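Shared chain: chain A. Partners: chain B in the first complex, chain C in the second.
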Partner chain A sequence: MLLATQNLQFPPTRDLIGLLPELILSGAFVILLMLDLVTPPSRRSLLAAVSLVALAAAMGAVVWGWFDADHARTIYAGSFAYDRFGRFVDGIVIASAALTVAISPDYLNRRGLHFGEYYALILAATVGMMLLAGAASLIVIFLGIELLSISLYILSGFAHTETRSQEAALKYLLLGGFASGILLYGMALIYGATGHTQLTLIKQSLAGSSGTDPLFLVGVGLLFVGFAFKVSAAPFHWWTPDVYQGAPTSVTTFMSVATKVAAFASLIRVFTYTFADSTDKWTGIVAFVAIISMVVGNVAALTQTSLKRMLAYSGIAQAGYILIGVAVSPDPLGTVGSLYYLAAYAATNLGAFAVITVLAGRGEDLDSYDGIRGLAYRRPYTAAAMAFFLFSLGGFPPTAGFFAKFLVFSAAIHAHAVYLALWGIGTSVISIFYYLRVGLLMYTRPKEGEETYPWARTSLAGGGVLAASAAGTLVLGILVFLIYTAAVSAQHGVLPVPQQLA
Partner chain B sequence: MNGTLAGVLGTLILAFPLAGCVLCALLGPRYGRRFVNWVGPGVVGLSFLVALIVLAQVVGAPEHSKSTTVEIWNWLFLGAGNLHVGVDLTLDPLSTVMIMVICGVGFLIHLYSVGYMEHDPGIARFFSYMNLFIFSMLLLVLAADLVILIIGWALVALSSYLLIGYWYERPSAVLAARKAFITQVIGDVAMIIAAAMLFTSLHDAGGHRIFTLSLPTIFANASSSFSHGGPLITGICALLAIGAFAKSAQFPLHTWLPDAMEGPTPVSALIHAATMVTAGVYLIARFHVLYDLAPVAAGMVACVGIGTAVMAGVIALSQVDIKRVIAYSTMSQIGLMIFAVGIGAYTAGMYHFVTHALFKALLFMAAGNVIHALADEQDIRLMGGLSARMRQTEVAFLAGSFALAGIPIFAGWFSKEYLLGFGAVSGPLSPLLYLVGIGVNVLTGLYAFRLWAIVFRGEPQTARGYAVHEAPPVMLWPVLALAGLSTLTGLIIQWPIQILGGGAHLVSGFLDPVFAAGGHPAGEPGAGVAALALIAGTAASLVGVGGALRLWLWHQPDAQAVASRVPRSLTLLSLHKFYFDELYDAVLVRPTRAAAQTMRRVVEPGVMDGWVRGLADVFAGLSLDFRSYQSGLIRDYASYMIGATAVGVVVIVFVIAH
Partner chain C sequence: MTVNPVAFYVIAVLVVATAIAVVAVPNIIHAAVALIACFFMVAALYLAIGADFLAATQLLIYAGAIPVLIIFAVMLTRGSMRREGNSWVRWWPLALLVTMGLGAVLLGVFAVSHDRWHRGTYPQRLLDDGTTRTIGDALLNRYALPFEVASALLLVALVGAVLLARRDESEAVLERSEEERRQREERVRHRREERDRARRARLRDGVSTPDEST
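Now for the complex of A and B:
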């Protein structure tokens, strides 16, 4: 209590500026709810425009914050980290949200789901993710997770006339509730073991101990389960395929990318940097989960016949690759590799899901493999973009995915965890099969007179989003130093204070 | 030149053709022939303008700062003591000469293509490929990092493959493209191994390893990394030379070039005469610092060059396809250039590269006019007597032939005799190889004027020969422009200076600084030796030309009569191109194919398929197993999660915490 009162003498403006992006989006959330009341149903694209403006403003604040947060500090009595690490992740999350919002109006109109709350909920989830990314206290972590989860529960069930969407929402809610319970229990144990909820203080209190306190270690394990659920790492991935498939595709687009990015950011902050002194105790578990995720995700994806489920399992596998960067803690290259992987994954996976969203017609969501057969002969550019994303997911140069995998694998080798790199490379080989299978289907000429899925016309916004994702995927594969340098800088500035890169 | 300017110019020069490639590919089909005809040549013209600025900048730069290396972007930098690859460009006299030729000659050939490909429906694809080639070639010569150079190197092979197989309905074109590509890949592999060897063996004077393949760094640290004449550097240089041989169609990787004539004639002129095939010469010149450390490898290069020059010259004597004759002549001339860079006469090699690009592109394009006029006839036995109706093309062709044969005052004379002069005093087995070079001069005169006499003189051999028309202006003007250049370039560069008593001429004055740095270029021959070599070389050329005129123009004695007196084995050897295709077929292709078929019949189904299918089945089965747990029931999922968590807690409490 003494420490808390000392820290409470905060200068409010400085703290408010630190939370500027979150505040902008929260304000926009309220405005959107109000605006929705007076906007006629035919004009709801206006709400998307307002959201985009808010997201652009928040992005501006994040970019400004990147330069301002040169010297990392905590704000709000040590509960929120104002550092480059957080800004880096915020940038990815906001970009994902903006791209999702841009493809949403057309999609929602076609599906008859165009309601104003949609945009408000997306922004709320974004705020939750940004809070999570910057959270420097267990309480704020929980707050962020709940804010993003509750918004996503609702969004998953947004197709309120479809049982599948309802089922997805319910599954996500119940299993998410379980995971939150486990997470909270872990937090409680850690608080019990260390007496603190702030990460910096937890780190300090751990510095002296040998880190073998079972109470603390069980807490760490349970906390990891909570995070593993959010990043959909096996064996806590069960919800992922069902929810990704059932939720409206635009929601899946957002959820598959942004949630994972934000949850990974917090996972890295808590494990790699806060529990830095006891890495030998928990990296084994992380490595195990990473391997299980890579194997389960990639193998289960082999026999899928649904695009969304395939991408869900692919996402589970990708979570495994990103976890390699955590499992090699405290090697700073691991963090850099994971951050790079997150950026690459965001650009690529968002693009892949955006393709499915943009093409979805009026009736059923575009989901089955048959629905994409022969796409290249009707929509050559969209098919080319999708093929490009699939190549990136498979890890071919010169795409983002190649360097992402290269960086985490080389981090594993650097940290003398060669077996992780070998597991990664081996499972990547398996993944080529199911990625290229979809690519092959797109380039299979439909038979004479064969009906193809009634793909929607690509609007300007949809085309723009695909182009932006493809550009991001390409830039991360060619201008490697841009994001690599940023990731190194983010790693340098992360709170609690990290090991320095050699 | 300051770095920013160099960066901007280098980027622009690369960006134009790349943009042209993309524009032609994406918008060409929509906007049609007019659009493509403007964009395709236009972008190369723009690059040429930038190249002129570069030339002015490099010429104007003070003596010590002719070379500028600029990092366009840092592609990969994984911290100190780790891999670093930058997209770096070098603008120096050597790369300036290359880009001037690539863009200048390239522009004329692009213009010519507008006429030549007038009736071809795939014009957008054609110009897209052509621009891709120009981009790749520019990347190759501007690259200041071996990784980027290899990327350009491979892209050049790719665009060559695409253009040789441009008429993909013809099986022969597809086969030729494949052959060219496979040969290129052999060279690429050698290059990449060489790069890996360089990467692992580079270290600075203090013995610290260097984690980059940036060319200036390699050259700066070459002497501290390698002992003079050591096995490692000899191996690296030999591997680089194999890469160069594949690209430059030198023995034993030469067989693809004649087949590559399946491509459209402008392609032959641009890629398989003026630019791509000289990349090997450029490579060795660029890596002169390493070759100066590896005299054995350099000597091998020289021997291979001169050997190829003789062999190709002999083959050219008996070929009947107009383009193949010129192709073998190209091979022979590049042999001379390779010989030059092998003996350390880098400047002379590059000088001959420049003049050769001019007159060889000219010969191909003039031949293209003939082929075009005769409705795609390429057999010289069915030509003849075209002189009366294609006067301007003939004049241009003659100018090219004079330059090729090395007749005084034509461009080729200056460069070739200058080159051979070095041979008289430097290189292994000197002056034996020089004497062989004199022999090449005789051969050159023979085949060059044999071609002219058969194609343009005598009587038309087919009815169509009487009805030909001169080529349209868009095809004629580039040819005439090159004819002018082939005639005058040498004079312009050399004559006034020598009259005024200046010793060194313009080209060597421009290029020598590049090769002087750290290297030991071959010594200039003394004035006496040079004069003697000049007279001997010129005499040999004249003997060759005179012989050709007697045999094929005046028919006294007739060529057939002479051929019947030469041992039959010799004529057969020439006609069958020394049986290299047959040899490779018997030694490489057939055994490989037989082995592959055995694999297909025996090993594949029995062994490989077994475990591959088995593995696939295992994973598919595993996948289905995993799926069966994905029941869709919340209670299942929750119990799996709780179960996994419980196991984790048990492990933590009883294993990790102890």
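Now for the complex of A and C:
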């Protein structure tokens, strides 16, 4: 096997061009580390500006790649998929990173956490996510996950003096390491069963078999557990509320959105498209985990009194809805639904967390439900934006959340898995309760003389991010075809090549 | 190429025995020494299957550099590491049960499918050129991307370790902001007291004025 590569010329230019967005961000990562050394602490917002420029350049490269990757191909000897599916996910990840970076300087300054490495680490995590989204080899999947995880472990723990942040980082590190071990074990078994690490070759070698090899099946199971941890699906979600709550809110904003999007992209690529010939062996487990996530996430969110924990449980429930799109494999509508859901989730959830980040004052971090009581009477626009995001999370039209749920549930019905749609609709009804509860709190007039949380003034950047998220949520809710056609195109081009379905 | 079964089992038993010693001995320095022995045995295992390059790097990095690093870390953080707490948590029977269950499943899988593992054969070139050249070729061609990503990963880990360890600056920054906050609150309280005093004074005056007028 090793010999076949002898004539390969390294690095072929077209392979390098395929990795252009990742290369831009990796370069910016190094530049930021250097720049941090010569930037005085009071001018660290400059680093945010540099990161934004790099992210904009990477976004340009991704958009260009979307048109260039019309004919999907693998690069780097089958390690990386240069296809529209990957570009679609890259777009979401980069946009999330850019919006996070834009709200960070104000928040970090107020919390006294403005370290230059912050931006470099955000970019490193972004590179990891993009590699994960495009990875076409088990090794690159693992390295992508580790790159994003290690960056996020550090980011969630870098508030040194806050015990909760330290606890979050340690929990995340230990449980994340454990999950990575399980993932790696699964990969080793799959390698043992098929003799390949490249997804296209794994798919080829599975084509002839019945898919009942116990080695392969246990490998698939362990791999799924590893992925389920990363997308925080129940019952592998225990770390999520603690980490989301403990980490600095700007980090939570990024982590809750981008990690899930990238990990789901890889999950879909591996399960729906690589293990496409044995879907009947594993879709049952995926459907089970989807239902558990929807139930556990929504029911646990009911009793929360912390905004970040509520959004964490809501994120677990959303993971369940997105998993429906995987559970209906090999139906292509499932993938399209999941992709649309990921875009909608990114815009909405990023907005909701951005509101908490933008409002957080200097003292106690904004977290408890009491903290937003009466928000609408002091910050009417911010409160309206938050209400809009909550409506979207609850799945009301005309927001992104409505069409995302609609597409996923209709995919379930199309694939004759009506029970999944019913579970989804039932749990969505529960979710409306806790989203509305938060919404109503914001519009509760504070009593005369009652102290409200000392909300920070919304800066231009903060307001811009909220407006951008709200615009994204609205566009995904009204101009559905814009993203829907893109998601369909992404699904068409995904590697390993999907089966042609009648 | 075949492995001498006697050599394999002797090495395998030693690997497992030293690995158990690493987690079982209470003194952390003894554990580090057991770890060195364990890494040596793993290197021997690599040699037994003809992976000479891997065996050499295993000795250099794992048996050489890493235990030194561990021992340094132990020595430098003596105060926090020396406490030999009870490492048995309350739920250990449950942990044991879960681990044994998982172990049983995995062993069962190996037992059922031991003949299905993909067995590669040593390519002729591996025997001609040796493993060093072949590995170099693989890393720079077929596995170029993972190789590069791994280097980025290590850099990020390094930056993170420095960031988390460099507490002086960060704590100074946090203390400064905390101090500013305290001063601000002090100012606010002061101002409020001032205002209250003024109001009380005004009130007293206000009350006294009508008194005078009547």
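Note that in this section the second predicted complex is superposed on the first by the 489 of 502 C-alpha atoms of A that agree within 3 Å, B and C clash if a C-alpha of one lies under 4 Å from a C-alpha of the other, contacts with A are read in each partner's own complex, and residues count from 1 in each chain.
Just so we're on the same page, contacts are C-beta pairs under 8 Å (C-beta built on N, C-alpha and C of every residue); 3 or more make two chains touch, one makes a residue touch a chain.
Note that the structure is a prediction, hence the values are computed from the model and not measured.
Asker: Scan A:Val299 for contacts with chain B and chain C and give back first, second, both or neither.
Answerer: A:Val299: touches chain B, not chain C.
Asker: With the two structures laid over each other on chain A, which partner does A:Thr161 touch: chain B (first), chain C (second), both, or neither?
Answerer: After superposition on chain A, A:Thr161 lies in contact with chain C alone.
Asker: Quick one: classify A:Phe236 as touching chain B (first), chain C (second), both or neither.
Answerer: First partner only.
Asker: Between chain B and chain C, whom does A:Met34 touch in the aligned arrangement: first, second, both, or neither?
Answerer: neither
Asker: Looking at A:Val53 after the superposition, I want to know if it touches chain B, chain C, both of them or none. Which is it: first, second, both, neither?
Answerer: After superposing on A, A:Val53 lies clear of both chain B and chain C.
Asker: Look at A:Ala467 in the shared chain and tell me whether it touches chain B only, chain C only, both, or neither; answer first, second, both or neither.
Answerer: Touch status of A:Ala467: no partner.
Asker: Classify the contacts of A:Val429 with the two partner chains as first (chain B alone), second (chain C alone), both, or neither.
Answerer: neither
Asker: A:Leu440 in the overlay: touching chain B, chain C, both, or neither? Say first, second, both or neither.
Answerer: neither
Asker: Quick one: is A:Val418 in contact with chain B, with chain C, with both, or with neither? Answer first, second, both or neither.
Answerer: In the superposed model, A:Val418 contacts neither chain B nor chain C.
Asker: Which residues of chain A are in contact with chain B in one complex and with chain C in the other?
Answerer: In the superposed arrangement, which is not itself an observed complex, chain A uses residues 213-214, 218 for both chain B and chain C.
Asker: Under the definition above, what is the set of chain C residues touching chain A in their complex?
Answerer: Per the touch definition, chain C meets chain A at residues 105-106, 108-109, 112-113, 116-118, 120, 123, 125-126, 134, 137-138, 140-146, 149-150, 152-153, 156-157, 159-160, 163-164, 167, 170-171, 173-174, 176-178, 181.
Asker: How about chain B: which of its residues touch chain A in the complex?
Answerer: The contact residues of chain B facing chain A are 73-81, 619-620, 622-624, 626-627, 630, 632, 634, 636-638, 640-642, 644-645, 648-649, 651-653, 656-658.
Asker: Touching chain B in the complex: which residues of chain A?
Answerer: It is residues 170-171, 174-175, 178-179, 182, 212-214, 217-218, 220-222, 225, 229, 235-236, 238-239, 241-242, 281-282, 284-285, 296, 299-303, 403, 407, 410, 430, 478-481, 484, 488, 501-502 of chain A that touch chain B.
Asker: Quick one: in the complex, what on chain A touches chain C?
Answerer: 1-3, 5-6, 8, 10-11, 19, 26, 29, 33, 41, 76-77, 79-80, 111-115, 117, 120-121, 124, 127, 131, 137, 139-140, 143-144, 146-147, 150-151, 153-154, 157-158, 160-161, 185, 189, 191-195, 213-215, 218, 362-363
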